[in-house]
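Two complexes follow with chain A in common, the first pairing it with chain B and the second with chain C.
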Partner chain A sequence: MSSTNDVPVLEARDLVRTFHSKDREIRALDHVSVRLMPGKIMGVVGESGSGKSTLIRHIACLEKPDEGQLFCCGQEYTGRNAAFAGRHMQMIFQDAYGSFDPKMCFAKSIREGRNGRKGSDGKKAEDDPALLRNLLEKVHLDESFLKRYPGSLSGGQCQRMSIVRAVYSGARILLCDEATSALDVASQAQVIELLKELKEEYAISMIFVSHDLGVVSQLCDEVMVMKNGRVVEHGDCLEVISHPKEAYTRELLDAVMEVGDETGIHEHSHSDTPEWKETDLV
Partner chain B sequence: MKKYVIKRLISLIPLLLILSFFSFLLLDMAPGDPAEKKLAAQGVAVTKEVIEAERIRMGLDRPFLTRYFAWLFGALRGDLGVSYKDGFPVMGKLMDGLGKTCQLAVSSLVLSLLVSIPVSVICAVRQDSLFDNVFRILSFAGNSVPNFLISVLLMFVFCIRMKIFPVIAGDSFSGLFLPVISLAIPMTGRFIRQFRAEIISQLEQDFVTGIRARGVRETVVLFRNVLYNALGHMITIAGLSIGTLMGGSVVIETIFRWSGIGKLVMDSITARDYPVVQGFVLIMGVMYLVIGLVTDLIFVTLDPRTEITS
Partner chain C sequence: MAENVLEIRDLSLSYGDDDIVRNVNLSVKAGEILCIAGESGCGKSTLLKAIHGMDAINVTAGDIVYEGKSILGMPASERRRMMGTGIGLIPQNPQGSFNPLRSFGKQMKETMESHGMKFDRTEMVRLMDSMGLPDGDKLISSRPFELSGGMNQRVAIVFSLLLQPKVLLCDEITSALDVTSGKMVIHEVESYAAHSNAAILMVTHHLGIADRIADTVAVMNHGEVVEYGPVSKVLYHPEDSYTRMLLEKIPKIRREAVS
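Moving on to the complex of A and B:
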């Protein structure tokens, strides 16, 4: 007998998407399948143009696949609109500033995420001040930040705000598209820690797209390596990183090691995660 | 807000002084003797003595700066002198013309906005569709063809062939249509291209993708987020176009014989009626600066991030 924990919160089966230009066809997704189990974080890695972001956009219903099926908690939602996906999953972007309407204060943006659309019961979600306070506390931003506008916060603070917005919306699946790539090393480590805490506390599942295997290794339970729209390797994160089967995965790992040797940015362990400091506040 | 407006108004003073000085200087340097022109315009027999007496009467024998300050102080009191041609006060003549030109300019602007906003929104939302491609070509053509050519073509079709509108607009309501359309076509073309580009750039922002991904209705995203963010840019473009419209109306008013400020100044240049031309330059300068200020104020008021609105 299967329990709810056996049912993937998110499943993509054989997604195919081809983009046509005048002189050629680009297969952005070539029979890509994903199974995200509850409370797990799946890393999707690959170089630019490998199809990582396209995969996320299809999962979020921002684009429609040519072939394949999408399931959320066992319910098929292929071809549905973004409103359906929005009830269950939220995106976190690389450009934290750009992910907020520049003319909306954070309070408005965050509330719009929760009650800007109707839930599965046809009703708009009510505000939950206690949850919002709790989330702000977790990301070490006080309530005064809610009155501020995106341009007045640092990149790391803005990204933490976007995480607050995503979780406050009620979604329990986060689709992180290079969510730490634009941050400095300290902010990157803070966001990674924060995502881990949220995963534990709110049973959040995530798809974490990154070109950086170092970051993925710190955060993810599973990893999927993509190249030219295809999944070339998939498995337990530590297993794939310590014993890569595919040459392409080894290349990515070598690239991380080279960069790490030069900059030392991947040498810190979890215990090296910088503490939150007052100086981090603008 | 009040402080900001006062500060901006004070900053206009040096600009207006520079403008008034150079307009006075350029017309002072223009060939021809104003006294002779004035007498000739009035049909007086011109002799050397009569001209000299008129020069003294008009104060032209005084030094340049003395005349400039006399004119400037007069202008501050709303007195721009009298026309050489008919002796009427320049201010009155300009205000009459300005009213007529504003009627033309505002009608053209409203027509352009009414057409260009919905068209540019549809073009941006349905990028590369048939509708978008057709209007991109039309807007390019409308923007490229000079308005005097458009007005002549419109006149030929609607006045001569179809006889729907009068050839000479006069001051009639039916006469307003063709000058307005002639002015509106190039501006609509420009607006469609610029508004479309701005809306597309807003649509491509991550925050729009994010709002869509949160399931907010597309019309809400379009009006509340995309158009609201594009509005500041659109108002600036429209505000700057008012100046272009006033300038463009000189040709259109002459073609359609619309008695606005454009036609008045063209007639005055031809007749060397310098006080009218000087007054026109000053009033247009003031209008440009005031329109710029009003545009900035609207821009600032619409942006909740600026402190002065609080």
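Moving on to the complex of A and C:
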């Protein structure tokens, strides 16, 4: 596979997927195209049911599209299985505990991610202790954590472990599905920093699905806004968030509740707040 | 000066041998919104459950006073009558509080009649509509398992509001909702407080919500209230280092500087 910088590491062309239920059809993906360039992070935002997760599940070959094509570094992989896609891309889920075998220590889970199956050359990848040490250092978990089990870690620690596993597997693309949404603000901030560092140091490219526009604006280079299975707006992250062209994007931005309003996006006053008195404390 | 509808005095709580909440003092007046913020495991949900009277939680010290009367010493029957119409709770996991196989309409009617109230279908449809659930007539006859988590969460909020509680306890009520429906729900709770002169205790880890609707904010960490006061003080001039950390770590929307 070529690795020149103008070939997208990942490309989806005109993906279409319709789900059929008893009395209606849902067009979950309606001609969706994505181009992810090497070392970039693409944010995907939109409300529940807009097709964000469906999109990355199709990219990871967990679902098959009705129409459309998928390319990894210029090579088509439409219709291949999830094991094939797994060599190049790994998913990071919202529920970190659920993505590990609870009865397997991290050392085993993480190694299995790397050499549990044969690579494209028909051989299993060798262990790389130096890389593993580096990654653990990066996520601020020392090697003693490898002996532990998922249940004994906090949600944030466990999510960091799942990122270690994904990168250690040799995949150079991460597909993150609400990867920070279940975390407390402090762990969320750690994971965001970690993803930024991985992008810089290991040239990892990512698709980052999130409903949190704050996180997306801190992390992503580009952003696409989805609604009802369609991409309604796409472009440079800072540009789209600062100057949204679509009414729907503006609506999403307006709905965000943030502390303080220096941006002037929503007006808010506390003039009706009753005056505070220490005696109110009982 | 209006009386406090609900007062929490020096309250300490435990689950079995584990102390979860220590020496908490909080109060709310009619029409006032108090937000309790903090990270997972800080004891904020336990506090709400104790006010609502969950059996598994032990009150090891302190008192909970509703309209001037301690609810801890109340006979069980009197306390049960008061729940829902006096003190209502919107739980974090609404699916767990519905019978999954009975229609919402039947469950609501039953609940209201057991409190001696009359079921008003039109009002229920109106409330559903205001929270982004159009087609309420059809939804009322549907059953909880047929709806998504976010839809169930909104119906649970409708249930609690229909009972017209004087104190409404909200436990992370936007956790299953995306930003647009989250905003509608928050707006509806805010207008309920204003129109019905009810006191709201809202537990949330989302400080943006606190900023939007709260009059007062209490920040909890490891079972203790570390900072408590009006929004303008706690969120804009925080004194406690933990409050400051929480505020700093929120990912803010990054925009180009306006020239």
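Criterion: the second predicted complex is superposed on the first by the 253 of 282 C-alpha atoms of A that agree within 3 Å, B and C clash if a C-alpha of one lies under 4 Å from a C-alpha of the other, contacts with A are read in each partner's own complex, and residues count from 1 in each chain.
Basically, a contact is a pair of C-beta atoms (placed from the backbone, for glycine too) under 8 Å apart; a residue touches a chain by one contact, two chains touch by 3 or more.
Here the structure is a predicted model, which means the values were calculated and not measured.
In the superposed pair of complexes, A:G74 makes contact with neither chain B nor chain C. In the overlay built on the shared chain, the residue A:C105 is in contact with chain B alone; chain C does not reach it. In the superposition on chain A, A:S242 makes contact with chain C only, while chain B stays out of contact range.
Of the two partner chains placed around the shared chain by superposition, chain C is the only one that A:A189 touches, whereas chain B remains out of contact. Every residue of chain A that touches chain B in the complex is listed here, in rising order: 60-62, 81-87, 89-91, 93-95, 98-105, 112-113, 116-117, 149, 151, 169, 175. The part of chain B that touches chain A in the complex is made up of residues 205-207, 209-217, 220, 225, 228-229, 303-305. For chain C in complex with chain A, the touching residues are 4, 7, 9, 25, 27, 29, 32, 39-40, 148, 150, 177-183, 186, 205-212, 215-216, 228-233, 235-236, 245-247, 249-256. For chain A in complex with chain C, the residues that touch the partner chain are 47-48, 155, 184-186, 188-189, 192, 211-215, 217-218, 238-239, 241-243, 251-253, 255-260, 263, 268, 270, 273-274, 276, 280-282.
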